[in-house]
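Look for chain A in each of the two complexes below; its partner is chain B in the first and chain C in the second.
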Partner chain A sequence: MKLKSSIYITAMALAVMAVVSLFVGKYPLTLPGLLAGHEMQLKVFFRLRLSRTVLGVLGGVCLGVAGFVYQTVFRNPLASPDIIGVASGASAGAAAGILFLSGAAAVTAASFAGALLAVILALSLAALDKTGKSGTIVLSGIAVHALAQTLLMGLKLTADPEKELASIEYWIMGSLNGVAVERIFPNALLCLVCLAVLFLLHRQIVLLSVGEEEAQMLGVSVTALRLAVLLTATLMVAAVVSLTGLISFVGLLAPHGARLLTKRDHRGTMALSGLLGGVLLCFADILARSVAATELPVSIFTSLIGAPFLVWLIVRRETRA
Partner chain B sequence: MKKIAALLLALVLTLSVAACGVVEQTQEIMENIAVEDELTVEAVSAYPVTVTDQMGREVTIEGYPETLVSGYYISSSALIALGQEDKLVGIEAKADKRPIYSLAAPELIELPSVGTAKEFDLEGCIALEPDLVILPQKLKDAAATMEELGIDVLLVDPENGELLTEMIELFGVALDCRPAAEDLITAMESIEEATMEALLSSSLPTVYLAGNSSFLSTAPNGMYQSDLIAQAGGVNVAAEIEDAYWVEVSYEQVLEWDPEFIILASDASYTVADVYDDPALAGCTAVENGDVYQMPSDIEAWDSPVPGGVLGAAWIATVLHPELVSAEDFAQLSRDFYETFYGLDYEA
Partner chain C sequence: MLEVRDLSVSYGKKEILTNVSFTLEKGTVTALLGANGCGKTTLIKALCGLLPCEGSRRLDGCDLRELSTKETAQQIGYIPQRSGISLSLTALDVVLMGFSPRLGLLQQPTGAMEAQARQTLAQLGLGADTAYLTLSEGQKQLCILARTLVMDAKVLLLDEPESALDLQNRYGLFEHLRGRLQDRAVLAVLHDPQLALQTADKLILLKDGTVHAVLHPKTDSPETMEQAFCGIYGRVRLHKIEDTIVMVR
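Moving on, here comes the complex of A and B:
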């Protein structure tokens, strides 16, 4: 399929998802009711439904783009922001926030700080290796991930099973439920800035993927650029997961989907990856709030759709070879 | 059908005691208990005694248990109510977090901890060499190990009112304190009766019970907390959800239910003020009318099946139906109960 038409179709799909998302939920909303100015319906629409939809679309786009950036920079189809410890850092931060602070905003801040700390630690550890190979970042990421997991385990051990432990477990499963509209603004702004930076750097990101030596020859300062790009992508992911909790598979799945559709690595693919991420997260969230009488963790659905897709991808590659 | 049957039963019960008033009657019962206790010389039952615990295991206790370990706060609280606290040599973790111990049996806080159901200290428990160990049913593997080592273990499962009564009866036989067990059960039943007045109300208001971990976790049908609301003459809005543990719902679900009352669990990690200040809840009937309350937790978590848990339903009844169960009557009931069974001194 042509790149332009894939982007067009996916963007349409995302728009449809967003509209569906606005009208699916436990509180019955009707178009006539909204137009007639029914007070409670308007409140539910603007305070709860709209903010949740924005979070689903923007969060999915950010995770999709970040996933594309990671896979491209590391030239590894399994790379995702998780490999340099952003997810485990965010979880440990959130757990500390749940245990020692109070209020949802404080937990978001703690989780954001945890994610940032983990990434800075991983990148500075990698900087100790003067050869500047991208593999070093992966290795130091694994070390930081293990460290953050240990911290998380320690925090869980001290948590009350009835109260904090339940909150920590639920946070780790991820949910777009109950995120107040006020808390979305600063994170959304950060996400938009990061997205803009990444799209401006798209050419350089693609150059990173051709190989370090080639990129060097083409006049790209590999180490500095890689650091800047990874930091921007990670910042964006941290802004999303600190609000929603961990969301699995979107960052991994969206870039693969985009490449399958276009078979090329350039700006269009990055945009397509973002759009696919948005569709996936929005769709998963619609299911999470509507299939049962209760709210289900969104990662159940992103994984449910993501895992078979990944298997299919592997099988497909083997049959081609 | 069930609801109608419960209502009829409540009607009959209340009419039969209407003449003297349930609260007075309950008080009388508890006063009698206090007198009886002083007079009763505990009859020594013939050991060895064989009992069936709440997992259906047959346990033969060879001699009168002099030392006990209790690994669950509900069994520990029941042991205090049965006057068995002096026999305890080990207790569950975080005993210092439960006000009832510091109020009724401060020496328990100093006892060695045997951990929680999740992290049970098997060796530590064995090292205490207790005559009898009481554990929640989750620890059945630990129980099997201890049995092999020759330590008697009773597994208990007090997850609702009925099972709690069964557990108290089990303790009565196993620990040779039947009269105390009977008194406790009688008192609990009389408090339940006092609460049943609330069921006579012509209106059953809707209630949203917000859980310990967050406002959006709630008690579905099949949870103890949901039963408490029904006993207190209310309708749990989340009863349409079938589950046995806290479930997560959304703000819009709460707004759609639009409960008349919001009650926060005893150990909620947020406050009533937080709920009033939450912009997402503005417009909800309970918030508009100022009907958000938190279950008291200064003595025990009344939303758990401890013996004093019968007061949980009574307290909710004072919130939902103050005209039928007054706050003063409730305070009196609660005071009498804890004075009689836990030796709390309210004057101090």
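Moving on, here comes the complex of A and C:
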């Protein structure tokens, strides 16, 4: 499929998902009711559904773009935003927030701080290797991931099994539920800035994908640029997961889907990856609140869609090889 | 043009290159020859500044160590043994990368640059919109050559640029280079002494990390060159057939 048509069709699918997402939920909303100014419907629309839909669209777009960036920079089709420990850091931060702070905003802030700390630690450890190889960043990420997981286990051990432990587990499973607009705003602003930076740096991101020595001989200051790109992409992911909890597979799947559709790594492919991420997350969120009597964690559905797709991708690659 | 003095490179305690000195003159093609593992690629990488080294590398009197990454890329075009491109890019995308040293961080290649890239690809017999990853290894080498040519660098350092090319393209590659030499100097790592003898102005023979001999095929006698080659490849003979020197083993 041609790049432009893929982008138009996916953008339309995302718009449809966003509209459906606005109207799906326990409390029924109708267009005539909203237009007539029905008080309860307006309240539900503005306080619950709108923020949830914005979070689904923006979160999915950010995860999709970040996944594309990670896979390109690390030259690894299985790279995802957690490769340098951002999700583990966010989980440990959220767990600490649930245990020691009060209020959803505080948990978001703690989770964001945890993600940021993990990334800074991973990149600082990687900086100890003066050769600046990308493999060192991956190894540092694995070390930080292990460290954050240990911290998380320690925090879980001290948590009250009836209350706090359940909250931590539910946060880790991810949900777009109950995030107020005022909590989304600063994170959304950060996400938009990061998205703009990444799109502006697309040409440089592609140059990073050719390998360290070759990129350097094309005039790229590899270590500095890679640090800037990874930090930007990770900040964006941290801004999303600190609000939503962990969202599996979106960052991994969306770039593969975009490349399958366009067969090309282009700035438009990065945009398409973001749009597909948005479609995937919105669709999973719609399922999460409509297939059962109680709301289910969104990662269950992103994983349910993602795992078979990943297997298909591997089988397809093996068959081609 | 490029003056290399007492260049030494070590991997840990193991010395790979020891006090290598030579010059590359403007408008000439120099071939770097030697047995496997003698340090040819290490020398090319050290010249590019990709490996830490001792000794001096001066380009038109300017110390290359003082140049930034971008400035180095503006002066030196490099073809690695194998490009690391793994993304689904078109040949045009790949060649446009060559303009990167002349572009700002957020700048995009201009229309004129795209036209130049298309023209260079056409001259090398490649389609601009062909997917790079679907090209044969030889075509990929030509595409990377096109990328290096549009860089417009003063010195081209080519590490086995012809290893996957057929006979016609091997010689064609050097014809392209000659056509674009003007103010440039080319240093190419080659494994085929016959190709080197026929296409290069100067031959640097590397042995165990040192310069074994510097030959000039147009002026040196076949006996002198034969002796130097024997020190690298064992028993070889050089015969002059009309104006061409032919090597047999």
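Details
Just so we're on the same page, the second predicted complex is superposed on the first by the 321 of 321 C-alpha atoms of A that agree within 3 Å, B and C clash if a C-alpha of one lies under 4 Å from a C-alpha of the other, contacts with A are read in each partner's own complex, and residues count from 1 in each chain.
The definition used in the following text is that a contact is a pair of C-beta atoms (placed from the backbone, for glycine too) under 8 Å apart; a residue touches a chain by one contact, two chains touch by 3 or more.
Fair warning: this is a prediction, and the values are worked out from it, not measured in the lab.
In the superposed model, A:A180 lies in contact with chain B only, and not with chain C. When the two structures are aligned on the shared chain, A:L246 is found in touch with neither chain B nor chain C.
Of the two partner chains placed by the overlay, neither chain B nor chain C lies in contact with A:L235.
Taking chain A as the reference chain, the count of touched residues is higher for B when chain B and chain C are set side by side.
Look at A:A94: by the touch rule set out above, it reaches neither chain B nor chain C.
Judged by the touch definition given at the top, the superposed model places A:V144 against neither chain B nor chain C. Within the complex formed with chain C, the residues of chain A that make contact are 72, 75, 200-201, 203-204, 206-207, 209-211, 213-214, 216-222, 259, 263-266. Listing the residues of chain B that touch chain A in their complex gives 94, 116, 118-119, 212-214, 216-217, 220, 240-243, 246-253, 255-256, 267, 269-270, 274, 279-280, 282-283. By the touch criterion given at the top, residues 25-28, 39-40, 43-44, 47-49, 102-103, 157, 160-164, 166-167, 170, 175, 177-178, 180, 182, 289, 293-296 of chain A touch chain B in their complex. Across the complex, chain A is touched by residues 45, 48, 50, 68-70, 72-74, 76-78, 80, 83-90, 93, 97-98, 100-101, 103, 105-106, 108, 131 of chain C.
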